[in-house]
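Look for chain A in each of the two complexes below; its partner is chain B in the first and chain C in the second.
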Partner chain A sequence: MMPRLHARHPLVVALAAMVIAALVGFALAAAAGAGPADVIDALIEGTLGSPFAIGTSLNNAALLMLVAAGFTIAYRAGLVNVGGEGQLCLGGIAATAVGVSMPDGVPMPIGVLTTLTAAALAGAGWAAIAAWLRVKRGTSEIITTLLLNFVGLALVVLMVQEPSLLRQPVTSSETLPQSEPLATSAHLPLLGLAKNPATIAIVLAVILVAAVGIMLRHSAAGLRLSAVGLSGGAAARLGVQVDRTAFLGLTTAGAFSGLAGGCLVTTAPFILADGFSSGFGFAGLVVGLLARGSMTAVAAVSLLFGFLVSGGINLQLAAGVPSSTITVVQSVLIILIAGAAWWTTSAAPSAQKVSV
Partner chain B sequence: MTITAPEHTALLAMTGVGKSFGTVRALDGVTLNVKPRSVHCILGENGAGKSTLCNSIFGTVSPDTGSMTLGGNEYRPQSPADALQAGVAMVHQHFSLIPTMTVADNLLLGRDGFRPPRGQLATDLDRIADSYGLSVDPKATVSTLTVGARQRVEIVKALLRDPQLILLDEPTAVLDVHEIDALIATCAALTDDGKSVVLITHKLGEVARAADEATVLRGGTVVGGGRISEMGMSTLLELMLGDTEPLDRAVAPRHRGTGEPGTVLQISGLRLTRSDGSTALDDVDLTVGRGEIVGIAGVEGNGQSELTSVLSGAIAPDTGTVRVDGADLTATTPAQRTAAGLAVIPEDRHAEAMIGALSIAENIAMPRLSQYRRWGLLDRKRMRADAAAAITEFSIRAPGPDAPIGSLSGGNQQKVVLARELSTAGLKVVVAAQPTRGLDAGAVAFVLDRLRAAADDGAAVLVTSSEIDELIAVCDRIVVAYRGRLLGSVSTRSDTAANDIGTLMTGVGA
Partner chain C sequence: MNITMLTEIISSGVAFAIPLLLAAGGESISERAGVLNLSMEGMMLTGAFASVLGSVSTGSAVAGAITGVLAGLLFGLGQAALSVRFRADQIVVGIAANALALGLTTFGARILLGDGKGQNVPAFADIRIPVLSELPVIGPALFGQTLLGYLCVAAIVALAVVFSSHTMAGIRIDAVGEDATSAGWTGLAVNRTRVLGVLIASGAGGLAGAQLALSEVRSFSENMTAGMGYLAVVAVIAGRWTISGILWAALFFGVARAMQFALPALGVDIPYAVLVMLPYLIALIAISGFVGGRKAPSCLTVPYVGRV
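Coming up: the complex of A and B.
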């Protein structure tokens, strides 16, 4: 059955929000002295202008898809995972630890698989702290996951500053505080397009997004997640293990963010450094909020944001518009989405009553 | 504010007061007089309109029709502030005290002015303690007080306004026996001081001791009333319970199997204390045999809800056991109970029995999703087919199995819940809490028929209801919940069943 898109479908809402945000972006660019045509030129140049730009954008989009897919799983169970950034950091740390210590001669598939598995487990473990507190103590996961972000970010700094941990051997005063490069067998393979840095991360992400979509819609686990999110009391009465389901929902979200962190360090330049996460965990959260539960929207919005990020850098280089304009546009999007959520709940036509 | 009224006229007079909520007529043509210096009791079962009446006097509800006078002057409060200004105060059933603050701070809340008048408060508290014997410790933190002490604080809070008329809404629901005695003494002290008290309750035993006059409400209308000394308890009881002509006993007499039924559900020694310290279940023992239908009657709040929650696995009892066919289920999960053949129709349909946003098919399949697995995914086609069959069998009015259950009417939602629970594999016990609440007559008959059919098929059925006539129609025997205990065991074949139950319910026999 093909669902017809109506006015309040998440995809329609997201598109409308984007059009408005784009107009705000154009206005800001105009204030900086660049006309809409210049802006579009610079954006296209930065996103689609070269194979390199396209590849980078796809790699960005893959990370966003992973974080947003995880966010959506937890959100189904009524949990808001604000901790994508911290979970991504832990994933990056674990992947680096495995990747730099990998012996030579490990076949690439095994190397990549081990590295990414370590990343996912680390992300899940980080989220498990918040999930455990939520289930056992009733602590709001919004608060705990948010605060764990800062711990995760600080852990990355600790790891790359401390020679006994992951810092590369210090040979001179100019040795940067970053990890050694990961072993070649842990590098994510490229898609193999000419002059294009796109890795198999985008393929992995698309497959996982599709799998999550199917899981949420067509599996018993998906239905149980929905039941817990919609009514914990009724779900418990109907035999759903509410605490377990919520715990697994949030840790799975962590695994997805951790996986994103793993993909980040197994992509060129293959190192862990302070700031390696570039805020992808937070951007992924925005994508998740924007998509409002629809996995189609997760994929679409991730692609758009992935391209926007690379476009923003070129915006500054080519058109002289501050690249922070893109951040403003993203923020406007968040506000609009919050408004849309209010609009859909308050203005939705009341469900038809069927009388006896 | 002082209201002067001659002794022979009413302090508060209501004439033809009516109020509708949507299509429900909550109050209809209510006329009553509260005399000065008297305790006037408003009696009635749940849903009789007592609360609406009380809220009309206190200004939270404005009546559609009729008029009120207070001390001879027209009285038409638009808000509780108006009522307080006019000299009417109310003590609500649910306390509005802030537990983390002291008694004094709670009493000073809502006072005008920048500096709280603490000195004035101390004087007032002394005066109230002297006049009415109501002493409270202003320095105590509310959370450390017993329920009875908290209620004293609420009454003191009302008295600080120096009202002429005090409304007490179900004041005895949470009190123990000694606290009730103290409350009755307080009522007497208040009338001695020239004030009047309106006491809203459904417990006849207390009325006899506390009230001078009573008015009985049923279905939003006054069905009788007068001086307690002239009326007698039995008259009041008859008025309250109304015409308890059995529903349809002639139509469907229960055919019991021959021989002694084996015990299926065995509840022994259940005790449970609520979070506020009051006793919810007090050593509850009950057995239900194969094919037997046992009813639990009683005014709400006497532990029935907690008993259902313990049986469904939502809360664990402090002590005691629940056994089904000898197997101890006390510490099991809801899923394990379902597997043991225990079906539960919860009291709060929206919070516990269904998930409104999910479809009928999903709601029916939820407890047995593992049966619908195909290649790791859900076999939606079979879920839909099974739901469609249930829709036909239980004549559920719904657009189809994919319709969200929340879009159905209450009666049809209940039928979906019933369809799911009664199709529990290996059904042995059915626990139904207020299964007919809010349903129209057709749906009520349907639900009762189904419960009866389940018993005929050999299930042990336990029904909780506040509708005595329904229980009498459907059950084999009835016990009465009173203050956390189960009293009596009234056979529904007895002609005096309704009266016996009513007497137990009102606490007269306890």
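Coming up: the complex of A and C.
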């Protein structure tokens, strides 16, 4: 059924925000000396112009979908997982540890499965710290997951700096502080399109997003999460194990982000290095919040952001506009949509309050 | 370790701690009022960029510093409108505002500060206070700052005194952060107090950015704050929203940072990544309830629905 559109409908607001953000982008491009036509050409060229661009964009979108889907699960239980970045880092570390030590001759499906499982478990474990503190000591998961991000980012640096950990064997002073490449059997298979670097990550992400959507809407677990999120006290009286549900919600979110980290290192160039997470954890959080619990929106916003990033790189190459323009456009879009929440929610009341 | 090296570590630790402490001091007031500014990073970066731009275009470092503070306040106005008036999600807005500041200052630096104009900017010179700056170990650190540096220290003291938990202003701030509804019932202008909190944080952030750009680095480079604003938010958490706690946290973070560069010279084999994560681990333990003390303001990040 097509929802009725009116001025306060989230879709209308999102479209208006997109138009304003695009205008800001054109204005900045004009300041850098590029007309709107050049910008559009460069963007289309950079996002859809080549199989390579499409593939990269799809790989980016897959990561955002995974982080945002996990975020939504925890959010349903009233928990805000700001820690996607850190969980993603831990996932990357675990996947690298498994991937570089994998013996030759392991069949690909087993290799990939082990590596990604390790990544998801590591992400879940990292989130479990925050979940445990939340359940046992009542510490705000917003603050703990935020802090754990920075620890996770530093852990990546530690891992790739120390030869006794994951750093590749140091042979000369020019050896980069990064891990060895993962074994071939741990590489994510490509989709097999011509000249297209898209991996099965996007398929995996779409399946998981759909599964999460069905789980949240039609399963007992989804109902329990909603009950805990709406009112912990009432849920407890109905016999829901509130602490257990909240703990599992947040650790599952961590598992999804960890899985994203695993996908990141099992995709070319197959190494772990400082800054490998490229802010996907933070971007995924934003996607999750903007999508407001709708899995269709998670997929759509992830695709939009995934394509925008690769468009921005070409904007700099082809039109000479600094690629930071895309950062500006993206953040203006987020701020507008976040700022308009009071306007849309006065039409459709929903659980907006974030309790700390 | 000899005296020269110790002096060096303390000096560079204090140099890092001053803008950090100023930003954290401002942020703590906003957080006690119930508004979390994850955008402190963006406020500092904006302040740093605007101060360099102002300093280059007027040729005066003082005008540059004023521009930096004004830019910070302008940034804060936007943040306050979104966080307080429009009740937008403070975490989303904070992260997006940081990205916006990073994008705009990077873009602005390419367009307005190209061709090396961002280098060799009119900056503040060190003022060595006679006798005191000759003191061993702590002398150069505490009494060898620039004019702007001393001003920052004065601003930190002023914020600490005016908004301590014992003054009327401080009690009002705490009231709207701990129980906004009750504070509203007693006639306090909850949202106005919160806007004031955000403006104090952003003004302090702008000044801290100017101090970083015009007293220490003496130029603008892309993403020059490099996480210092996030560290300021972390210092507030580690210091448990109290003045003395934040002071110790900022000083400790400053020294830990200085040690990152000093350790290899001392021949100590601690990977610097361990020192990088130390502040965050300390903050994590501090708020986990394993040690007693003040808790996070109850209404932190919870918007208040009301007219004023």
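Convention: the second predicted complex is superposed on the first by the 329 of 356 C-alpha atoms of A that agree within 3 Å, B and C clash if a C-alpha of one lies under 4 Å from a C-alpha of the other, contacts with A are read in each partner's own complex, and residues count from 1 in each chain.
Operating definition for what follows: a residue touches a chain if its C-beta (ideal position, glycine included) is under 8 Å from a C-beta of that chain, and two chains touch if they have at least 3 such contacts.
Everything numeric here is computed off the predicted structure, so don't read it as measured data.
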Mind working out whether A:12 is in touch with chain B, chain C, both or neither, as first, second, both or neither? neither
Figure out whether A:230 sits in contact with chain B (first) or chain C (second), or with both, or with neither. first
Which partner does A:240 contact after superposing on A: first (chain B), second (chain C), both, neither? first
Thinking of the overlay built on chain A, is A:44 touched by chain B (first), by chain C (second), by both, or by neither? neither
Give one of first, second, both or neither to describe whether A:133 is in contact with chain B, with chain C, with both, or with none. second
Using the touch definition from the top, say if A:210 reaches chain B (first), chain C (second), both or neither. neither
Partner contacting more residues of chain A (chain B vs chain C): C
Just to be sure I read the superposition right, which of the two partners does A:31 touch: chain B = first, chain C = second, or both, or neither? second
Once the structures are superposed on A, label A:220 by its partner contacts, choosing first (chain B), second (chain C), both or neither. first
Overlap of the chain B and chain C footprints on chain A, residue-wise? 353-356
Using the touch rule from the top, collect the residues of chain A that touch chain C in their complex. 28, 31-32, 80, 82, 133, 137-140, 142-144, 146-148, 150-151, 154-155, 157-158, 161-162, 282, 285-286, 289-290, 322, 324-328, 330-332, 334-335, 338-342, 353-356
Over in the complex, which chain A residues touch chain B? Could you list them? 214, 218-220, 223-224, 226-227, 230-231, 233-241, 351-356
Chain A partner, complex, touching residues on chain C are 38, 81-82, 86-89, 91-93, 95-97, 99-100, 102-104, 106-107, 110-111, 227, 230, 234, 237, 271-274, 276-277, 280-281, 283-284, 287-290, 296, 298, 300-302
Touching residues of chain B toward chain A in the complex: what are they? 312-314, 333-335, 338, 344, 346, 348, 351-358, 362, 366-367, 369-370, 372-373, 376-378, 380, 397-399, 403-404, 406-409, 411-412, 440, 442-443
